[in-house]
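Let me begin by handing over the structure; questions about it come next.
Read from first to last, the chains carry the letters A, B, C and D; within each, the first residue is number 1.
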Amino acid sequence: MKRLSILLAVIGYFNFDSIAQTSADNGVVRFDEFRLPKKRETIHIPNVNGLTVLKCDFHMHTVFTDGHVWPNVRVQEAWKEGLDAFSFTEHVEYTPYKDDVKPGNLRSYELAENLAKENNLILIKGSEVTRDTPPGHFNALFINDDKNLVVERTKETDEKAIQAVVDQKAFIFWNHPGWKATQVKGSYEWLPFIEKMYREKNLHGIEVVNGFGFHKKALDWAIDRNLTIIGNTDVHNLIAHDYDLGREGVHRTMTLVMAKNRSAEAIREALEKGNTVAWSSKYLIGKEQHVRDLYNACVKIGPAYHEKKNAQGVTSKYYEISNTSDLYFELHRKSGKGTEKIILYPQSSQILTAQENQSQLTYEVVSTFIRSDKHLTIDIKL
Amino acid sequence: MKRLSILLAVIGYFNFDSIAQTSADNGVVRFDEFRLPKKRETIHIPNVNGLTVLKCDFHMHTVFTDGHVWPNVRVQEAWKEGLDAFSFTEHVEYTPYKDDVKPGNLRSYELAENLAKENNLILIKGSEVTRDTPPGHFNALFINDDKNLVVERTKETDEKAIQAVVDQKAFIFWNHPGWKATQVKGSYEWLPFIEKMYREKNLHGIEVVNGFGFHKKALDWAIDRNLTIIGNTDVHNLIAHDYDLGREGVHRTMTLVMAKNRSAEAIREALEKGNTVAWSSKYLIGKEQHVRDLYNACVKIGPAYHEKKNAQGVTSKYYEISNTSDLYFELHRKSGKGTEKIILYPQSSQILTAQENQSQLTYEVVSTFIRSDKHLTIDIKL
Amino acid sequence: MKRLSILLAVIGYFNFDSIAQTSADNGVVRFDEFRLPKKRETIHIPNVNGLTVLKCDFHMHTVFTDGHVWPNVRVQEAWKEGLDAFSFTEHVEYTPYKDDVKPGNLRSYELAENLAKENNLILIKGSEVTRDTPPGHFNALFINDDKNLVVERTKETDEKAIQAVVDQKAFIFWNHPGWKATQVKGSYEWLPFIEKMYREKNLHGIEVVNGFGFHKKALDWAIDRNLTIIGNTDVHNLIAHDYDLGREGVHRTMTLVMAKNRSAEAIREALEKGNTVAWSSKYLIGKEQHVRDLYNACVKIGPAYHEKKNAQGVTSKYYEISNTSDLYFELHRKSGKGTEKIILYPQSSQILTAQENQSQLTYEVVSTFIRSDKHLTIDIKL
Amino acid sequence: MKRLSILLAVIGYFNFDSIAQTSADNGVVRFDEFRLPKKRETIHIPNVNGLTVLKCDFHMHTVFTDGHVWPNVRVQEAWKEGLDAFSFTEHVEYTPYKDDVKPGNLRSYELAENLAKENNLILIKGSEVTRDTPPGHFNALFINDDKNLVVERTKETDEKAIQAVVDQKAFIFWNHPGWKATQVKGSYEWLPFIEKMYREKNLHGIEVVNGFGFHKKALDWAIDRNLTIIGNTDVHNLIAHDYDLGREGVHRTMTLVMAKNRSAEAIREALEKGNTVAWSSKYLIGKEQHVRDLYNACVKIGPAYHEKKNAQGVTSKYYEISNTSDLYFELHRKSGKGTEKIILYPQSSQILTAQENQSQLTYEVVSTFIRSDKHLTIDIKL
């Protein structure tokens, strides 16, 4: 009875294959129970003020410079992990595998271009200008070709190297400002070289989060100078070996880009406007207004559904507070009489209680940073 | 520096507590890393034709009959696991713990009523009329009191027992029709007793799924007689010991009730209209129209975003097919030239490819049952 | 072809059932994919100096006092979670459910006794003497009956209540010394009442860890007075709702009892000798020698298998350091030149590197406490 | 108080870093909560008849032929996933990336050799002789160099290609015999070419499991001709994208080699003796004696610890049956009166009940194959 066997097929992962294969006479059975299910995860974040929130990673490497994977793996990762857009940013000046792999700064792009299209992913041409520190590394997005990039790495050529990507009208951001400098000098500074780029409008953003590292001072620099806030993985290895993806809610570091639509053009426009928030681990890092808009789009509080008087005769009202997104929000009360601490895990809700006869409660969202030393503060109207 | 310690607080689950406690002088440190996060999971299912989809379980027991838990545990489970409504359905005629626990058929309701309200859960008064098999067990929902329920369990009193809940204008459904009968006789039948209840409009639904058991024949009976299709846990033990809740996507068996709003009244109205689908493991079980409406509400296919010609010169178009819900859909192709098998895991998407110049593909959704031997068939317009 | 169907059976969880059931004509299909696998987890801890390490929980409640479950649930939990022995310790003086549940201090024991035997679990008769704080609560293990326990709760009867369990030759420990006292006065003290019990040899141990709470001062008291160190869940709710059991490596709080064999007698002897370590979250808490013995039994370091000279011409040797147990050890280097930090997850290993020409490295095992302010320190001989 | 901050460090993954970093003035905070813990998993399998059971994968690819990763990733995978030994087996005749990557059949070995040593892994020189099908592909292990390998792929040179590895005294096995042949002809056969290799003692083993594919007929061929049974991943992509490693108990396909010690020499000796079992998904596949020895080493049954008489007056005895290993065993009863089905999950135990007055129960271990159509049968003595 054909139908029956099809029905059984669904009981247990991939059994259909197993049964089909086995009943065939070719004698190859599939043991697919331990296979990773093939799917594209949806990272759910509602639109923010009518803008779609695109999940982007603008910094990664492959075997064409010092990464550990062929470009197609980055496409697989981006698809599985729910990215909308990403860029290969191979080092211009650094190709440690050159004895084995023929250098080509945009070669990873060329090899992955069609695969990205088949997977409905936006692949943005990019490159990493990799100068000694100081001044350090810069990513240039939306470049056209790699012909005139400066491979030589000397103090003298630092400005020329930046100019080469400026000439291509690239969107340029300073990568992990605290890296190396910190290791060498225990700290890092806003450099004259950077100041010059900034004054000449050749610096458009700062990579405030690189992988698992949050460069706190850099957040303040970006905010004070209205530069775009970026968060990337800068992955060289496998995402699956760097991030604990088997655990619910774990995601790679990324930049949330609030864009008019899902296109490379809209991304560039949003980057230039600075419409971004960096998302790493449980944290949202960005300009106050953007973080607040994200919070408001994701967190909903319902009407009071219950009230109760305690032994002391104090009446509390009950509310359901919900996080409709895959983001994480942790609230600690600053003022008002109500629940002291609220953790809004992805797509879940909590009960909030508040004493009656108050107009609002005020919370600090400690899972956000709107400055190196400041969390978003929100009011809950009652 | 206060702010700093608050910031650190969020790094690592519950560290705030730990740090706070420790910096206090009372010498009690919290080791909360292994604690289960307290949250209410959102089971995401979009509205269906403007109706909200309520997650309901109308069959469970506590220590007041033969369950293993105090009533408050059922409230905890319902809240954590995202139910909207549930009923205690203690056995009228069976109280094995009576030497220790004072019987009271609605006592579990009384003890849980306020806690349910505090948790914003809809608690419906119910009871299980537990006759010998045949005819077996029946759940009566929306009863008012337990005063006149028939405790005596004899053939002679079977009808009287049903009448007692009919008199309370209860919504009555037949529980797990295949249980016991199957064990005794290897099969189960539509009984004269049941036929009489049905003719007299005293039977309103059938529990087609009970825990992990799908009573296939009963599905056809419900469909042919337009009775409401119900799925329940009938949990006696802990949900957490019966279901593998630690695994992503695992949920308890439930009835999805498509209702006008989130209220007991709307649930009753929907039950009487038969607006339900049983959801167990990966399966959706219900009347064709309801299962189709659910599918249409959850599964979206985008426009062709890419096309590719293969070696044989055949061009295929690429589409993204998405499951916006926490349900599971598995599609096997019946006709048309395109992807043979599509598994839509909760909140994820897949790539569908189809040869050009076709108007549609037809799939069987093998993770659904619209009859004991029939899956939903859907067309994908290209 | 019978064999084939059996073979298919194993592909996919529980498919055998599904196939069998379905091919049967009774029309009940099992959807068992989401069912929790029924198994008893082995908590692997090697013998320590020839003593077997028994996993014990000496503090829990059921509906017979203020717990939320029927006694059989505690047996299920103990079996699944790998305990060897446990005790029901119902409150003598506190029975909030008495309107519904007939009090009986050892009734939970009676109801579970046979089930525990069938599950090869050691069930020890116990009771919680629940006095106001101060002095607080005490568990009495190995009592015989509940006839002469003191139900009245007044200052005047505190001593009489203790005497009642002393008369039964119980093993008596002070529960969660910091509880309540801390809440009331922000701190807790070694009380005259306790001092008297101690002097009269009526106090044999202290519950240093209660659930997720580590009572630091109490650890020092136990060590300084050579009292037995105990860790318990004091679970009232479900273990599965308190602990995040779905996450690898998560375990309930327990007392590791190093005993001559797996018997109630050997447990009592070990408790009287003080051969215990409390295990909660990632932490091992006990007397230095016991924690050291456990560490030595679990952690092994192999011979140098490799060496490498770095750019500065310094040669490092490579060793594999393995944790053969399900415990967790985290080592931070205190002296010597080698790996700074080593996390030994359950049943896993790490690479340790050390500069040549050293005789040893010294580490602090920060996942242990041998006093409130002291971790175990261990030497690794090279 | 320094100690305190170190202590807090351990509460929450990697917090020590976070705290350290933050209290430092460099302004880079680590968000390491989502980082994958770095550890080498121990796959626990007891010794078998005094032989150590080594976990080996003798078939994988890198970017040097058609794999997707740099060689170092294979070392990472092997270390994390608990392998003892592995081989790169690049295609001799197939180098699709040659426009970008300079071919070199043993280049992946050269690049990984030191890293493997640092990780205490045994890296065996290997190569894949990749002829058209028929005859198909062969792996040659323990070769010395790639100078004289035959790159030309024509019928005429098939024998020469094999001879080239024979000349290097390689251990040679036939890869995935059902692959391609099956796809082309729906079946696969023992070929004259293979027969000749076999007669000339140039064929030493067969890859009976390749990734998730079990080549059933090939198992019988190996058993009937006493060829060594091999199971490999043949991974081209990432193990983490092929296998659902986040799920407990999931492992890559491998060959369990029962060897005198943990060395390349001992592995070769064991391979030549045929002391192997292939392990894929839940299945153990090998010669009856080896599978039986493994079963006996892993599964233990204790003495009867309890007995119970049922309503019919039949007495059953209770036994604990334990699986001390990370393997999986599923037993279905063939004869005797006792538990019908026993699933022994990794490192767990079950209760077995048997009627008294029987000498043994007989079970089929359906999670094993000792022929294409036969499971291991074992007796449990009572």
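Criterion: contacts are C-beta pairs under 8 Å (C-beta built on N, C-alpha and C of every residue); 3 or more make two chains touch, one makes a residue touch a chain.
Here's who's who by UniProt: A, B, C, D = Histidinol-phosphatase.
Quick caveat, the model's predicted, so the values are computed rather than measured.
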Counterpart interface for B-C, drawn from A-D, A-B or C-D and sharing over half of its contact pairs: A-D
Chain whose Cα centroid lies at the greatest distance from that of chain D (Histidinol-phosphatase): B
Whole-Å gap between the CA centroids of chain A (Histidinol-phosphatase) and chain B (Histidinol-phosphatase): 35
For chain B (Histidinol-phosphatase) paired with chain D (Histidinol-phosphatase), centre-to-centre distance based on mean C-alpha positions, whole Å: 40
Where chain D (Histidinol-phosphatase) touches two or more other chains at once, by residue number: 4, 7, 11, 31, 33, 37, 247, 282-283
Touch list for chain B (Histidinol-phosphatase) against partner chain C (Histidinol-phosphatase), complex: 24-37, 63-64, 67-70, 72-73, 76, 80, 97, 99-102, 104, 107, 111, 178-179, 182, 186-188, 209, 212-218, 237-238, 240-247, 250-251, 280-283, 372
Of all residues in chain B (Histidinol-phosphatase), those that touch chain A (Histidinol-phosphatase) in their complex: 3-4, 6-7, 9-11, 16, 37-42, 44, 117-120, 248, 282-283, 305-306, 308, 318, 320, 322, 324, 330, 332, 341, 343, 345, 347-351, 364, 366-367, 373-375
